[in-house]
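Starting off with a structure, shown below.
The chains carry the letters A, B, C and D, assigned in the order they are written, with residues numbered from 1 in each.
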Amino acid sequence: MKTATKVEDAAALIPEGAVLHIGGFMGVGSPHRLIDGLVARGVGGFTIVANDTAMPGTGIGKLVTAGLVARAIVSHIGLNPETQAKMIAGEIDVELVPQGTLVERIRAAGVGLGGVLTATGVGTLVQEGKRVIEIDGKDYLLEKPIKADFALIAAKAADYKGNLEYSLTAHNFNPIMALAADTVIAEPQTILPVGAIPPDAVKTPGVLVDYLLERGH
Amino acid sequence: MDAKEIIARRVALEVKTDMLVNLGIGLPSMVANYLPEDVDIFFQAENGVIGLGARPPEGMEDADLTDAGGGFVTAVPGAASIDSAMSFGLIRGGHLDMTVLGGLQVDERGYLANWMVPGKMVPGMGGAMDLVAGAKRVIVAMVHTAKGRPKIVPECTLPLTARRRVSLIVSELAVIEPTEAGLVLRELGPDASVAQVREATTADLIVEGDVPAMALA
Amino acid sequence: MKTATKVEDAAALIPEGAVLHIGGFMGVGSPHRLIDGLVARGVGGFTIVANDTAMPGTGIGKLVTAGLVARAIVSHIGLNPETQAKMIAGEIDVELVPQGTLVERIRAAGVGLGGVLTATGVGTLVQEGKRVIEIDGKDYLLEKPIKADFALIAAKAADYKGNLEYSLTAHNFNPIMALAADTVIAEPQTILPVGAIPPDAVKTPGVLVDYLLERGH
Amino acid sequence: MDAKEIIARRVALEVKTDMLVNLGIGLPSMVANYLPEDVDIFFQAENGVIGLGARPPEGMEDADLTDAGGGFVTAVPGAASIDSAMSFGLIRGGHLDMTVLGGLQVDERGYLANWMVPGKMVPGMGGAMDLVAGAKRVIVAMVHTAKGRPKIVPECTLPLTARRRVSLIVSELAVIEPTEAGLVLRELGPDASVAQVREATTADLIVEGDVPAMALA
């Protein structure tokens, strides 16, 4: 059985310089209350692993604006001119990763694989500095797993055991990130009694979740 | 009819019943407006839905249901929510029948560059590299020239999106099919001539006999 | 929209010598009606990819008894003495694969990865003949994808679009195999109208399913 | 108390609240019978459930809910159904806190052989190789000798299950911890003496001071 954690207590768990998996796609399915908690706390120097940095004023964009991001491993920053400006100014180190490769690298860390062998990026700038493995006459990039210190994920609902379900396009990176961090903090929209999420509906088993954020108000 | 509408109407004819189709943001997304009535397909949005629908009625938007551009959408009956690993698994695994993407350059090998202009625009590749590497058919939908500068070139000078020959290039002037032998001019746009297409194209074009006018949906 | 396929018509699709992914774990979650249909038809020489060969008289065990299996790529045959006897007699060629490696090899085929890098099997008989890839000082086996001609899968329910959901421990290999065959034949316990399986409950999108077996009687 | 009950009662003390635990079939599964009342854990069955429960009431068995041995089980409140990729992702990814497995041999390096006797028993490794390679703690629960023949040996003569040092060996005679320095005798079984353990063990044993008697749940 989990106990509900206050936003400020959850934020306080995360030390300066931590590597963070953060769920969401352009802010959809991001843990918004946790992000606000991190901004309020003001400790930063984070490495952010996420699909994108959203827009200024939205989701991960707030962490960028607050200057809490030292490094970003993302597939897209096109809708956040602040990220682009900080990248050019050398304030944020940005590693761009193809979206499918990014999620698979996170999964590899979560499920104990040594890396990902993908044809995506072969013959492009993405190949630079990477090992190319030929398998049955075709080239694949060896892409390494990405593990985080913390995964900050958003869910539609949790039960008291931490089992999670997700909604529509708010799934995105969340169920995969829940596998791939030392500590997983889940921010559900609602928290239900045990049994209210039937076994077949659970997408993230509660055993993966370390902290459950209290319900929003 | 403006150039973009011509392109969207021509690409719409490539979409056949039972296909799973991914439309890029911008021009490619216009294709959905011109599909023949009897075509029964699912659109995939790579952020996590199969069965993407139109904009929702005013006041019925759901913050957890957007397309890959972050805009509110609906889901059609029979839609499925998927996470990013499944979404890109479908793309990379060859389950996506067609993707329609914009282009900055395409060259005589049929290679596409559409994600980066060095020293200028670095939005990140998002899902583009996976889409071009993995989709069964890749349709490049783009206006033929950029401010008069040809975009169909002997060899891409911009960074490649993938080392894969795209299936078809559709512009307002022409339908061009990249083949083993080179770029074959298949159809002409409304009122366009072979000479006009050659004029707007620095790549070598293969012209076989009379080139028909493109049909439009 | 799918049409319902009769068992004998589904069985007739599968030619002699086909490679078959078959869902199930000791017969639980196996497509029992399809298996009976194959036994009734009597065409064999199949390569079976499955967790196990169940028990004589149950699930895949029936295919073994009927002499339809030429090769089996499985993690376990311990509960089927017939498989063991036929293996020793040289009638069935058995490749034993660790269970986690087996499912991941099937997934790799389904999601377009070049192979699987796993520490499972390193330093054991499983390593024989395989490439060992060192990544950051640790050894991993390079295990190759396993694709099938047909996937025969069982599901709790389908809708008319072929969307599938699964029940309890009858999930096992089914959702993964649905990704990794040229032709997917699904055997649902029940078939529901479109919309009766909400998007968040779909575990195999209907776009992956080629044939839907009619309801059992 | 027979040997198996001693072993199961001793192993039960290794299980702590909040663990995710996988019990092998046979002797290891008996551990569930002796857990202290206040221990709140989930059992995983690798065929696809977290939250495995006891046998169901007569007449309430569900064909879609079995353990990895194929026996009918229940699911506890808060259980989650998972497919085989997730199940072994949890195992290989280090999310499984403990696995309890039987053994044929364990050697001075702490390496386990438990899946094959060449020329004799070839049931297949099932999930054993993934479990031993991936679980955080691997407990070998086995009777000390096989028909008088020592099973704790200088070096395994049977094929290894993994090249990984197991965490603990529990027999009816002793608790032995494999360490960097070798096999350390930690506890003695009811009425067992150091001399008796040495007699039944061909491997070198490290004995540090007085060896306490094992506690039993």
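Remarks
We adopt the following convention: a contact is a pair of C-beta atoms (placed from the backbone, for glycine too) under 8 Å apart; a residue touches a chain by one contact, two chains touch by 3 or more.
Being a predicted model, the structure only gives us computed values, none of them experimental.
Set side by side, C-D and B-C show the greater C-beta contact count at C-D.
If you average the CA atoms of subunit C and of subunit D, the two centres end up 29 Å from each other.
Averaged Cα coordinates give subunit B a centre that lies 55 Å from the centre of subunit D. Work out the mean CA point of subunit A and of subunit D, and you get 35 Å between them. Counting partners per residue, subunit B has 49, 75, 81-82, 85, 88-89, 91-92, 134 as the residues that reach two or more other chains. Within subunit A, residues 104, 107, 111-113, 118-119, 156, 166-168, 199-200 each touch two or more of the remaining chains.
In terms of inter-chain touching, the protein chains here follow a pattern that is not a line, ring, star or complete graph. Chain pairs that touch, as defined above: A-B, A-C, A-D, B-C, C-D. Residues 20, 40, 42, 49-51, 75, 77-82, 85, 88-95, 134 of subunit B are the ones that touch subunit C when the two sit in their complex. On the subunit C side of its complex with subunit A, the touching residues are 104, 108, 111-119, 133, 135-136, 138, 140, 142, 144, 156, 165-168, 199-201. Note for the complex: subunit D touches subunit C at residues 45-49, 62-70, 75, 81-85, 87-89, 91-92, 116, 122-130, 133-134, 159-163.
Of all the residues in subunit A, the ones that touch subunit B in their complex are 25-29, 51-52, 55, 74-79, 84, 87, 96, 98-101, 103-104, 107, 118-126, 156, 166-176, 203.
Residue ranges on subunit A touching subunit D, taken from their complex, read 1, 107, 109-113, 159-161, 163, 179-180, 194-195, 199-200, 202, 205-208.
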